[in-house]
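Shared chain: chain A. Partners: chain B in the first complex, chain C in the second.
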Partner chain A sequence: MDSLSFVILLPLLSALLILLVPGNYRVIVRAIAVLGSGLTAWIAASLFFRFQPGHEGFQFESILPWISVGKLSLAYHVGADGLNIGLILVTGLVGFASVLVSWNIDRNPKLFYILLLLMIGGALGAFASLDLLFFYFFNELALVPTFILIGVWGRGENKTVAAFKISLYLTLGALIALAGLLLLHVSTGAQTFDVIALKTLLAGKPLSVTLQNWIFPLLLFGFGTLVGLFPFHSWAAEGYAAAPTAAAMMHSGILKKAGLYALLRVALPFLPDGAAHWLPVLAWLCLGNLLHCGWVALCQKDLNLLIGNSSLAHMGFAFLGIASLSVIGITGTVIVMVAHALLAPLCFALSGYLESQSGTVDLTRLGGLLRRMPVFGTLMVMGFMAGCGLPGFANFAGEATVLFGSWKSLPWIVVAASWSGLILGAVYMLRALRSILYGEERKELTAVIDLGWWRRLPFALLIAALLLFGLAPSLLSRRIEPVAKEIVKAATNRSTPSRVAAVVVTP
Partner chain B sequence: MNYSLIIVEITAVLIGLGVLMTDLWISPAARKGLGYAAAVAVGCLLAFATGSLAPQHGLGFRDSFVVDDLARFFKAFFLFGAIVVILMTVEFSSRIASGLSEFFALVIFALVGMLFAASANDLVLLFVSLELITVTFYILTSFQRNRLASLEAGVKYLILGAVASAFMVFGIALIFGSANSTNFRVIAAHQTELATSPVFLLGLLLVLAGLGFKIAAFPFQAWAPDVYQGSPAPATAFLAVGSKAAGFVLLIRLLTQAVPQITAEWSRLLVVMSAATIIYGSLCAIPQRNLKRLMGYSSIANAGYLLLGIVAMSRSGSTAILFYLGGYFFTVLAAFTAMSALAEHIETDEIAGLAGLGRRSPFLAATLTLSLVSLAGIPPMVGFFGKVLLLRSVFESAPGRPDLYLLLGIAVIGVVISLYYYFGVIRSIYWGGSTPNLAPIRTSLGTKVALGTCIAGMVFLGIAPNGYLRIAETAIGGIDSAAGRLKSPALKKVSAHEAH
Partner chain C sequence: MEHAAVLHAVESGSKIQDLAWMILVAPLVMAVGTTLFVPRDRTLAAVFNIGGVILSFCLSFVLFCVFGGGSAQCTPFEWLPIAGLDVHIGLHIDPLASLMLLVVTGVASLVMIYSIGYMHDDRSYPRFFASLSLFVFSMLGIVLADNFVMLFIFWELVGISSYLLIGFWYDRPAAADASKKAFLTNRIGDFGFMLGILMVWSALGTVDFAVAKAKLAENPALLGSMAGIAGLLIFMGAMGKSAQFPLHVWLPDAMEGPTPVSALIHAATMVAAGIYMLCRVFFLYTAAPGWPGPLSMLGDLSAATLISLVGAVTALLAALIAVQQNDIKRILAFSTLSQLGLMVMAVGLGAKAANPSAAMFHLVTHAFFKAMLFLGAGSVIHACHHEQDIWKMGGLKAKMPITFWTFLIGTAALAGLPPFSGFYSKDEIFALALETNPILFGVGVLVSVLTTFYMSRLVLVAFFGAARSESADHAHESPGSMKWPLVVLAIPSLMVAWLPLGPFLSESFDPAHPVHLGDIFFGPFNHNPIAAFFGFGAALFGFSLAYSLYWKAAKDPLPTQLGLLSKVMRNRFYFDEIYETIFISLHNLFSHIADWIDRWVISGLMVRGVSGLVNLSGRALRLVQTGNIQSYTFFFTVGVLLVVLLARK
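Moving on, here comes the complex of A and B:
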């Protein structure tokens, strides 16, 4: 079997294997989860480095016919290009890290790890799929376990409300996107969901402008909801705050990126006229993410809500890059996606560890922890500095690229974005650091224990990747740029008025 | 008269009579064994009916009985359903005070009605087969004579069922009066003239009302929640799976085969019916506290989704109905089998009573969760692909029919609402309320096998739908070509939509 399919199947098979182990053999359950996800991360990393930048088309491609009935033909089709290879890598890493930080889950670990591995496999499948129905299939497979994860292992008083809210919001978003995908699929008349086939078809015979103007918003708002696009974002921070650490890591870091990925993979290249019509709207909405969510993050007393809102604010950069529709902007968006996929899980893992030690994430009840937890404190400073956009971390590379790319087309929004990213971000991140790590030691917090050696592994993994891509962003940009060029080329290939007339005349 | 055409039905009748006769000679303790024997006999019949020895194609009894791919598809479907329901009844037998053998026999007689319905090509046979199904269900629903709820369910089903039958027989009379025939082929051949006859149209409307009752479509849905709640679980399961499917095979035959032209003209009516059914089922399910009652409303909502396939009026729409019914089959049987296995250990049918099930029986909890997840249309379960096929078929027919987009919007909202009420049950299972009783629940081997089969079916059809979808496509292909021979202008209109 090819290694890309293997990387998707491995977590799913591990979940199946855990299903067969009796629930009271906890060590075996955990060992399978750690081994399965660790091997997944290893293979994902090897795929990333084996990927040949600059080659046309998809690599590690494989097709398996799934349905061919009547005219309808669907296939399991996976492949990697610059757009998804980075995401596959970070999904593997974050999946492994999320399994590692869940070591002390005591309540029904069997079910917990099954659901977590389903999430990891689903996310990998979604990013690797080149068939839109399979993309949806895997994405939904990854989203739904969240409900039980939050409900059973979640934190806080209103975890049930949060669990329902996140599930209903995301399902509604996914269904709207599905409606858009089905409309796209039916309108082309091609009887396929294959990305490559649709691309060839639409390049020769684009859809009518009216139809594009209908499909694009379905995809934009449907997938946008999955990302937390303002004003459809209210599920996110609340859901993350209520989710167990591992689920918050997977969700904020990885699953959110599936929506952005679909916009880049489907909406922009397939619907150039729809994009021209709707991207200005997106440009304004991304300000909502950048400024509103940034501002909300500033006002939080709860560390999880702060991280959640800050992660929504960071999504504003990704949307801004998409709205700019420039090669540099889109390259930047993908780097932001990869960088944030590492950063948000890192922050949630840190806050999860903090909560396990101090019993609270209320900023007003924390303080002076650096003395007792020097390793944890150092990691936290590094992670939060990365969140402020400190050069040297991948986030800086991505956000700066997005800002450069969008300056030409959207100057005012760039001004607002840099204001939010640099000022607001710095203010809330540094304030959080101050109130957690510095200041007077609290009497009730003397029992905290620093990270042991083994516990440092997930954090080290994520920080190392952030530093690697921050110091050598060309590792990503070399892979992304050719795809970004293709996307921009396809997305700016609008039908001229005369061509529209021709389409109308000869249906 | 070509009696070999109805050999499957005759055999089923003989099995039913055999069960009744055998009961006279065996001890009450051996009745469970009789159930197993009946299931084996129906299983052999299933093997025969799907094999090459059974009649493959044919038309008989003055063209009122047809055997084609569609009929054989549904015969296999009903036979399989009956086997599972009989096995379920064996597990449930401790709660049936007396007359276990009669229960088996009645299930088989209802099965005979369904088998005839699958082949009905004439309004009279349609009526007779539906009556056979309905009358047996009057008894099955009220079988727990000592339970008031069960009696109530039976009486409600009886009264509303009788009204629906009256509608239907009156409609058939009107159709016979105007068309001079009750045969689908004759009606199809004259539908252009008949479409202008108000008497005929009124008659057709009344027949539709009768079928709407069978599938629990709005506004003929009122019986479903009460009957689902009060009936013994196996009867409810058979009602949900068999009776609904019988209604749909007749709808497909009547609407797409006999009167496609009028169906095309009435598309607005069907759109409204489908939308109202989805909305009613979804909204009313929200406040429910009783699991079986919730399933009743869920079955109404699902009738609405299935009607999407009728509304699409295309080959892919009908195929989607067949696929969805197959998935619904495993899903509903899994849910009801799990519920009847639980019934011995949990006093109430209340959703809150499921609290702690996640720890008391991880297996039953997982089964119930998976079937609810499948009903909500979430991959990798079969419900997902079924819903995608239905929505896709409506999208295909939508250009030129703007009301279909509205219907699609309603269907999407219905799915989101359904997620809310299904997930509410999942919540109770895994983290609901206080759990006073934490004694583990043991499930018998038979139940485990049945549930395992249902889960395997749900997952298999969800992950590898190709084979089953091809069978469904073939089954629909037969009637499509039969209808195509009529070359009516409306059909051309429909196929023009398809080509878009």
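Moving on, here comes the complex of A and C:
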């Protein structure tokens, strides 16, 4: 079997294997989960480094015809290009890290790990699929466990409300996106959901401008809701605060990226005229993410709500890059996606460990923890600094690239305002560090224990990846740039004269 | 590619490259090594980190001697290669950089040796040295950067090392708050800096210094109407790092960090990074001035002129504040602010002569004598059991002779008395101001009077007279590791200005007028007697004023004489309070409004709206299914009537 399919199947098979183990053999359940996800991470990493940058088209591709109903033929079709190879890598890493931090789950670990592994496998499948129906199916496979995880293993008093809210939003978002995809499919008259086939078809015979103007917003707001696009964002922070750590890590880091991925894979290249009409709107909405969510984060007393809102703010940069419709901007967006897929899980894992030690994530009740937890504190400073865009971590590379990419094609006020989001980011991140780590030691918090040796592993893994891509972003950009060029080429291939001139920078 | 524009193909190019990379990387290796492998070993941590920085210093010295005035660009590593935005990590060596390398590594080596004694009892000794090494690495990165983005990257790294070191004693709330404030204030400056970089990049199509410089030399109008704005935005970066008005508020608070940190970072090197950066991108300020439509009333006023005004305001404001401070480190901090203001003013004024050497010259002399003053202050604080109020000191002259004499040399240099180095570098600024802007010359002289006044006040109160407290009475000279760096620093504080730095530096620029830097002894009185006499006179006047007020004074007579003005000066013109009420409250207000919108408008309307709608329709449907025959009949009749009504239309 080819390794890309293997990496999708591995977590799903591990889940199946756990299903066969009796629930009271907890050690075996955990061992299977750790081994399965660890091996997945390893293979995902090897795929990333085996990927040949600079080549056009898909690598590790494989097609398996499935069914044909009448004229419609469906096939399992996976492949990797610069757009998804980085996401596959981080899904593997974050999946492994989220299994590792869940070591202390006591309540029905069997079901917990099955759901978590389904999330990992679903996410990998969604990113690797080149067939829209499979993409949608895998994405739902990953989403549904989220709701159950929050409902059963969730934290806090209002976890039911949060679970209800997150399910409502995400289901509605997914339905709107599905409507968009089906409308797109029907109106092309294609007999397949295959991305490559649809792209060739649409390049030769684009949809009418009116139709594009209708389909694009369905995709934009449908998938946008899954990412937390302003003003459809209010599920996210509350949902993450109520979710168990592993679910918050997987969802905020990985599943959220599926929406952005779909916009880049489908909406932009398939609907150039729709993009021209709606991207200026997106450019202003992303300010809502960057500034509105930034301000909301500023007054949170609950660390999880703060991280959740900050994660929404970071999504603003991803949207900004998409709105810029330039090679540099879209390359930046993908770097931001990869970087944030590492950062958000890191922050939630930190807050999860903090809660396990101090019993609270209320910033007003914490303080002076650096003395007793120097390793934890160092990791937290590094993670939060990465969050406020410190160079050396991947987030800066992505955000700066987006900024450069959007400067020439978007109004300067939008770009300047979004960059000021980084000032806000620094304010709330430093406030959190100040109130958790700095200051005098508190009497009620003397029982906390620092991270032991092997518990550092998930944190070290995520920070190492952030540093790697921060110090050498060319590892990503070399892989992404050819795809970004293709996307921009397809998305600027309009039938109507442009309202906003998209800039394709040539060397 | 474009950046292959190596300025001079050097024969021994590869050796020079290796040398430059080693200078940069040595401190980083030590910082990382200490943190990962010997986080608890005090001796090894000190030896490694001091060794790393001394190695950098020796290599910088070799580079300086071998390579001297040449300039070269090392083959870069690719960092982010995207068509149209080619960012690389490469080193650029020229006289400006090699001089700055020596200053940074030299002062850093001495400060780190001094820290052996000063930080001896601290439990986080290894962390201290590792953070200092990290800082040196970041600072050297700024010095050696060959493009805007790399400069910005190391700029931020310097910011984080400063954050970590100000907040070194993290359990002190004041230190924790100060580190946060420093980082955030710098962030505001960096916000503008990055936008400036974007403008330059979009106008010139490159982020490489050499290429940008060549393009602008070819066509000075290339920046067009954005020249002024881009220049000012890039200057915003310097405003943050070099603590210029109105972003100056963080520097005095930064004194909460350990004193060696104040000496190295917040006096000698990091705060000078802004000046260095302005000199590095000086070609932007000599380009044709231009403003976009709404700002066209600025006309021919160049960004450089505005910069010099900001510098002058900072210099004067900080000098006034320093007059009424009582904390020995705060006095020095405000004096740093004021001197940085003079340097910024000099950069701005240098634009006409296409030569900012005067600013760089003052940066170099200031780095040495101000580092020495801070280390001297540290020695005093150490001896007086962490007492920092000068009015609780007194009579330290006899008890700490070496600290006293070196402090006196530093004071003389800062006050600008010949033949101490400060006199020559200040004189160069005064001469420049006299030629280009007489009003700023007046400001400079006034600042000089105030400088001598507050420094003399400090020395007279702290070192002369009788001891005013128990701890000052029991003070004794500091240990050798603290004494000797003071003595070593005294040498450049006296003599560095005697070296021919001017002609050396000028090779980095294309000066329209050569400068007279490096005139030894009475040279300044020959080439520009007015400036020299004013400078010298200001120092004498300031001293005599201080002498008349503070010689054997038991308490400060100024508050009664100046009344309200003294109070305003002591409270730093209430800038912190003003910022607190306006900006911070405004932000908090926005934040609460946004939170309210999220909670009530977005969640309320959308979520509750949707769930409410479902709920309502559920209730409505339930009403219909009452199981009551009468109501069924009623609804049936209504339905029939409706159908009939609609059908008749």
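Note that in this section the second predicted complex is superposed on the first by the 485 of 507 C-alpha atoms of A that agree within 3 Å, B and C clash if a C-alpha of one lies under 4 Å from a C-alpha of the other, contacts with A are read in each partner's own complex, and residues count from 1 in each chain.
The rule is short, and it goes like this: a contact is a pair of C-beta atoms (placed from the backbone, for glycine too) under 8 Å apart; a residue touches a chain by one contact, two chains touch by 3 or more.
For clarity, every value in this text was computed on a predicted model and none was experimentally measured.
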(message) Should chain B and chain C be called a clash or a fit once both complexes are overlaid on chain A?
(response) fit
(request) Pick one for A:394: touches chain B only (first), chain C only (second), both, or neither. (result) neither
(request) Once the structures are superposed on A, label A:171 by its partner contacts, choosing first (chain B), second (chain C), both or neither. (result) first
(message) Quick one: is A:207 in contact with chain B, with chain C, with both, or with neither? Answer first, second, both or neither.
(response) neither
(request) Return, as a multiple of 10 degrees, the angle whose vertex is the Cα centre of chain A and whose sides reach the Cα centres of chain B and chain C. (result) 160
(request) Using the superposition described at the top, determine whether chain B or chain C touches more residues of chain A. (result) C
(request) Examine A:313 and indicate which partner it touches, taking first as chain B and second as chain C; both and neither are also allowed. (result) neither
(message) Once chain A of both complexes is superposed, is A:140 in touch with chain B (first), chain C (second), both, or neither?
(response) first
(message) Quick check on the superposed pair: does A:441 touch chain B, chain C, both, or neither? Answer first, second, both or neither.
(response) second
(request) Please provide the least distance in Å between a C-alpha atom of chain B and a C-alpha atom of chain C in the combined superposition. (result) 5
(message) Taking the stated contact definition, name every residue in chain A that is touched by chain B in one complex and by chain C in the other, in rising order.
(response) 164, 168, 172
(request) Could you pull out which chain A residues touch chain B in their complex? (result) 23, 66-70, 72, 108, 111, 133, 136-138, 140-141, 144, 147-148, 151-152, 160, 163-164, 167-168, 171-172, 175-176, 178-179, 182-183, 185-186, 189
(message) Touching residues of chain C toward chain A in the complex: what are they?
(response) 78-86, 149, 152-154, 156-157, 160, 164, 167, 170-171, 173, 176-177, 180, 183-184, 187-188, 191, 194-195, 198, 201-202, 587-588, 590-595, 597-598, 602-603, 606-607, 610-611
(message) With touch defined as at the start, can you tell me which chain B residues reach chain A in the complex?
(response) 315-316, 319, 358-359, 362, 369, 373, 378-380, 384, 388, 391-392, 395-396, 398, 408, 412, 415-416, 419-420, 423, 426-427, 430-431, 464-466, 469-470, 473, 500
(request) Give every residue of chain A touching chain C within the complex, in rising order. (result) 164-165, 168-169, 172, 231-234, 292-293, 295-296, 298-300, 327-328, 331, 368, 370-371, 381, 385, 388-392, 396-397, 400-401, 403-405, 407-408, 415-416, 419-420, 422-423, 426-427, 430-431, 433-434, 437-441, 472-474, 477-478, 481, 505-507
